[in-house]
Amino acid sequence: MPLAAGIDIGSLTTKAVIVDGDRPVAWALRPTGAFSQQSARAALEEALASCGRSFSDLAAIVATGYGRISVPFPARKVTEITCHARGAWAEFPRTRTVIDVGGQDSKVIRVDERGRVTDFAMNDKCAAGTGRFLEVMARALEIDLEEMARLSLSARSAATVSSTCTVFAESEVISLIAQGRPRDEIVRGLHEAICDRLQGLVARVGAEPEITMTGGVALNRGLLAVLQERLGQRINVPRHPQLQGAYGAALIAAEQASAA
Amino acid sequence: MHELPPAVYYTCSYVPPEVIWAAGCRPVRLLPSAPAPGECDAFLPRDFCPYVRAAFWDLHRRAPPAAAVVLPTCCDPMRRLADVLRQHSPHVPCFLLDLPRTRGKREEEYLAGRLEEILAALRALPGAVPPEGGLAEASRLFAEVRHLLHRVARTASAPAVHRLIRQVHAADPRQAVASLLARETTASGPTADARPRVLVVTSHPVDPGVLEVIEQAGARVVAEDSCLGDRLLTIPPGGSTPRELAAAYLGRPPCPRMELPEERLAYLEDVARARGAQGIIFLALKYCDNLGYDFPWVRERSALPVLFLESDYGISASGQLLTRVQAFVETLPLPAGPPGPGPE
Amino acid sequence: MKRVPETESYAREAVRWGLGLLGDAVGRRRPVVWCNVALPSEFVYGLGAIPVMPEMAAGFAAAWRGSPELIVRAEGQGFPADLCSFHRCALGLALEGWLPRPDAVVATSLFCDGARKFLHHASRLMGAPYFLIDVPYEQSAHAARTVAARLQEVARELEGTGRGFDSRHLPLALESSNRARRHYLEVMRIRRHRPAPWRGSEALSYASVFFMAFGSPGGVRVYRTLARSLAARVRSGRPAVPRERWRLLWLHFRPFYPGQLLPWLEVEQGAVIAAEDMSYLWWDELDPDRPWESLARKMTSHFMWGPVERRVEVMLRLARDYAVDGIVHYSHWGCRQSCGAVSVLRQASARAGIPFLNLDGDCIDPRNGREEQARTRLEAFLESIAERREVLAAGSGD
């Protein structure tokens, strides 16, 4: 069976996944840093090393993510939309809607029964509704992301935080902190605001079950709980949601290698 | 059992509730209680007038559905609201009122024609029972409501007047007249007040809570130019025919949507002077273009200091608003004497 | 002397026309009128004047990378950053005084609020009188009469300023417009050819010709030579892009500042823009014997005014006539009238079975253009269309 690799070069992290046919055999995740070309190579080498294989064993490579344009070895380029959809569908074959919340953008993707993209909507105009926004807010509240999830889950009510504009939201959070509003309510309010935006994206393409969430923010159980409640259905979360793009890319690479 | 006449919603103060009443329906100014949620993005963009988004969401989800809505062609988002409602909420009958952007005899005639069409269309709604006295009586009633509100406005605070206006706009005008007459009139003439006086300029129906925050910050709102505030009270009485009504509505001080900046600025200058305003708070509704273009005119032409604030629809618990207004108030001189009664 | 190839001659005519116009305006050989793109240029030429459209000038400023500073200049005067960047940039140009001074500013309420608003400010800044042609929202004989009367009224007032306006030029302007129109329709007919003979990105950069040249001899020359050039390309088998894989319908304008997005899309990806709604010629032939009525009808019949169904109809007709594989709506920042219609346009496309993409961007401000994100979206869109085509070719899904 062909060995194939998928590399997802994001703004914050670079992920590599190696598959044997459709079975993942190795993966690596490292910060992208300032030099995406180097981190792409390093991630791939790390993944290869962990399964005892080398570059020449790879039948095909697919690169995705914003850094795909300048990857320093031969690779087919496919957008992260197509890759996240494929990866999510491979892990949960009944997936028909994928919600991906990354560092810089968020997207909702509709897929068919074969994991092919039929429609999508993206938010990349505005920081609200992205991982970056959560990080900024976590700093303002002086907590880490793990703590954010915990606080949100334990909150009994949510402070109202604007979802129209990040600038409004940030100033509101600062006011709430100054007013002494409990942090768990503020965090819950933030999650509500982000999920309101995600619901907006979902509404643009329509949500068909099952829904699978990908991207690092999926690990935030607090946000996940709010989103499930708002959408009124259970959401699948892969074991390694940040790797879904690279996994999907690897599967596409494997397909390409088989067809050759 | 006495059935209520059908509730017809409208979204602009250039839409005469007199016409809706004369057609035998209940005019209700659409005032959604909250901004639209994210789900509304399926229908209207996020970077779009928050009032229009909220209005769409309200009409789209209202159960039982509104009997009808009268939408003016006042601005681009409002025109798109009509289109999106037609496509996605066809169960809500929507009537478009085309509004001229300047005024004169021809514009009055044109608007009169459009008002007649609306009158005829609304009369045909199920349950509409045109009352006695037709348009003449409707005009008289609403003129009286405005006159009584004007009296109240002279002695009550701006937020209180705002709340009152919102109440009466959802009521039968006869009931509104009765309840306004029954109100205890406080001491005539304005009370002495050491707070600096501000004129609040905005376009949309600003939430009374926002005016309260401004007063909390230490200013006294002596006048405000908003869709559902003082400017409403400036509509001249009279209008027993559609033509007279059109003339009255077009003859009032123009809002930012009209293409009459000179007349508008003259009105604002008059009001500011008559009420002794010392500063202007310009409350821009985010994504409202007509108001956005109004600001440079006001800033340039006003002799008074102007504070520019941006807001969402409704009231957001923004400490930012309070802080900025406080800082602005600290720069204003204290008032010399009591504010004037204001233009009639 | 080397012969200029056919394909370049229309560009030469466009430059000749544009520079001639500018020269006349700067040299004050004829009165200058500032107006928005929705005002028929025939009206201005018909008064013996020269149309200067600051919205189009903003496009040129963007092409020369000058738009960010102009926008900042306007924002410094209190114009909020949420306003359309065409208009903020145009205001910057007015504030800097770089455009030929107007003898009059004539605005129309078609098709957006911003146009008449920014022009009113411009008239104040330039010390020129402002005239508004308010257009009723319905498409009726009454509406046309109202607008005709108003056009005539404004013309009289302009003539009364003593600045050289003269409506005796009208019949000639309308005849010229009709000749240009015939050539233009020929261009649009030739563009139906597969593969496409002209790239839509270039067609969109000719927007200034489309809005400003009808009614002038230059307009006739541009479209006559363009029709010839495109016909020659079709005859000799020279398509616009080397490998046409996809055909797209583009809605609204394009980024005017330099960038790789459109060359990447059309040339590299082979997704040629076969047609654009901004290039759609919507009006009937004008009648030189009834100039005011004709011009009024040109205005009231525009598909971007009145109920959105008009725009949907044009979109679907173009999609069909140019056999497109997908529709892209470019959501220009600050454009409420276009972006507000997206949910309706999307639904209509879905019903017609045509893939639809909404692309966020900015035509004038490169800082807001997000070329990279736009490329990703377009790429994903093409990927999904490709998969769709595979499925259809295979005959059925599994």
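We call the chains A, B and C, going by the order they appear; numbering starts again at 1 in every chain.
Just so it is clear, a residue touches a chain if its C-beta (ideal position, glycine included) is under 8 Å from a C-beta of that chain, and two chains touch if they have at least 3 such contacts.
This one's a predicted model, so the numbers in the text were calculated from it and none came from an experiment.
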{"item": "Graph class of chain-chain contacts, one of line, ring, star, complete, other", "value": "complete"}
{"item": "Most widely separated chain from subunit A, with each centre as the mean of CA atoms", "value": "B"}
{"item": "Chain pair showing more contacts of the two, A-C and B-C", "value": "B-C"}
{"item": "Centrality ranking, top chain (CA atoms only)", "value": "C"}
{"item": "Cα-centroid distance, subunit A relative to subunit B, in whole angstrom", "value": "45"}
{"item": "Distance between the centres, which are taken as Cα means, of subunit C and subunit A, whole angstrom", "value": "39"}
{"item": "Distance from the mean Cα position of subunit C to that of subunit B, given in whole angstrom", "value": "36"}
{"item": "For subunit C, residues that touch 2 or more chains besides their own", "value": "none"}
{"item": "Where subunit A touches two or more other chains at once, by residue number", "value": "125"}
{"item": "In subunit B, residues with contacts to at least two other chains", "value": "42-43, 47, 286"}
{"item": "Subunit B to subunit C touching residues, read off their complex", "value": "42-45, 47-49, 73, 75-77, 79-84, 86-88, 96, 98, 100-102, 106-107, 110, 257, 259, 261, 284, 286-287, 289-290, 292-293, 295-297, 299-300, 308, 310"}
{"item": "For the subunit A and subunit B complex, residues of the former touching the latter", "value": "125-126, 159-160, 162-165, 168, 171-172, 174-176, 178-179, 195-204, 206"}
{"item": "Contact footprint of subunit C on subunit A as seen in their complex", "value": "66, 78-82, 105, 112-114, 116-122, 124-125"}
{"item": "Residue ranges of subunit C touching subunit B (in the complex, touch as defined)", "value": "77-80, 82-84, 107, 109, 112-114, 116-118, 120-121, 132, 134, 136-138, 146, 149, 307-309, 331, 333-334, 336-337, 339-344, 347"}
{"item": "Subunit A-facing residues of subunit C, complex", "value": "358, 360, 370, 372-373, 376-377, 379-380, 383-384, 387-388, 391, 397-398"}
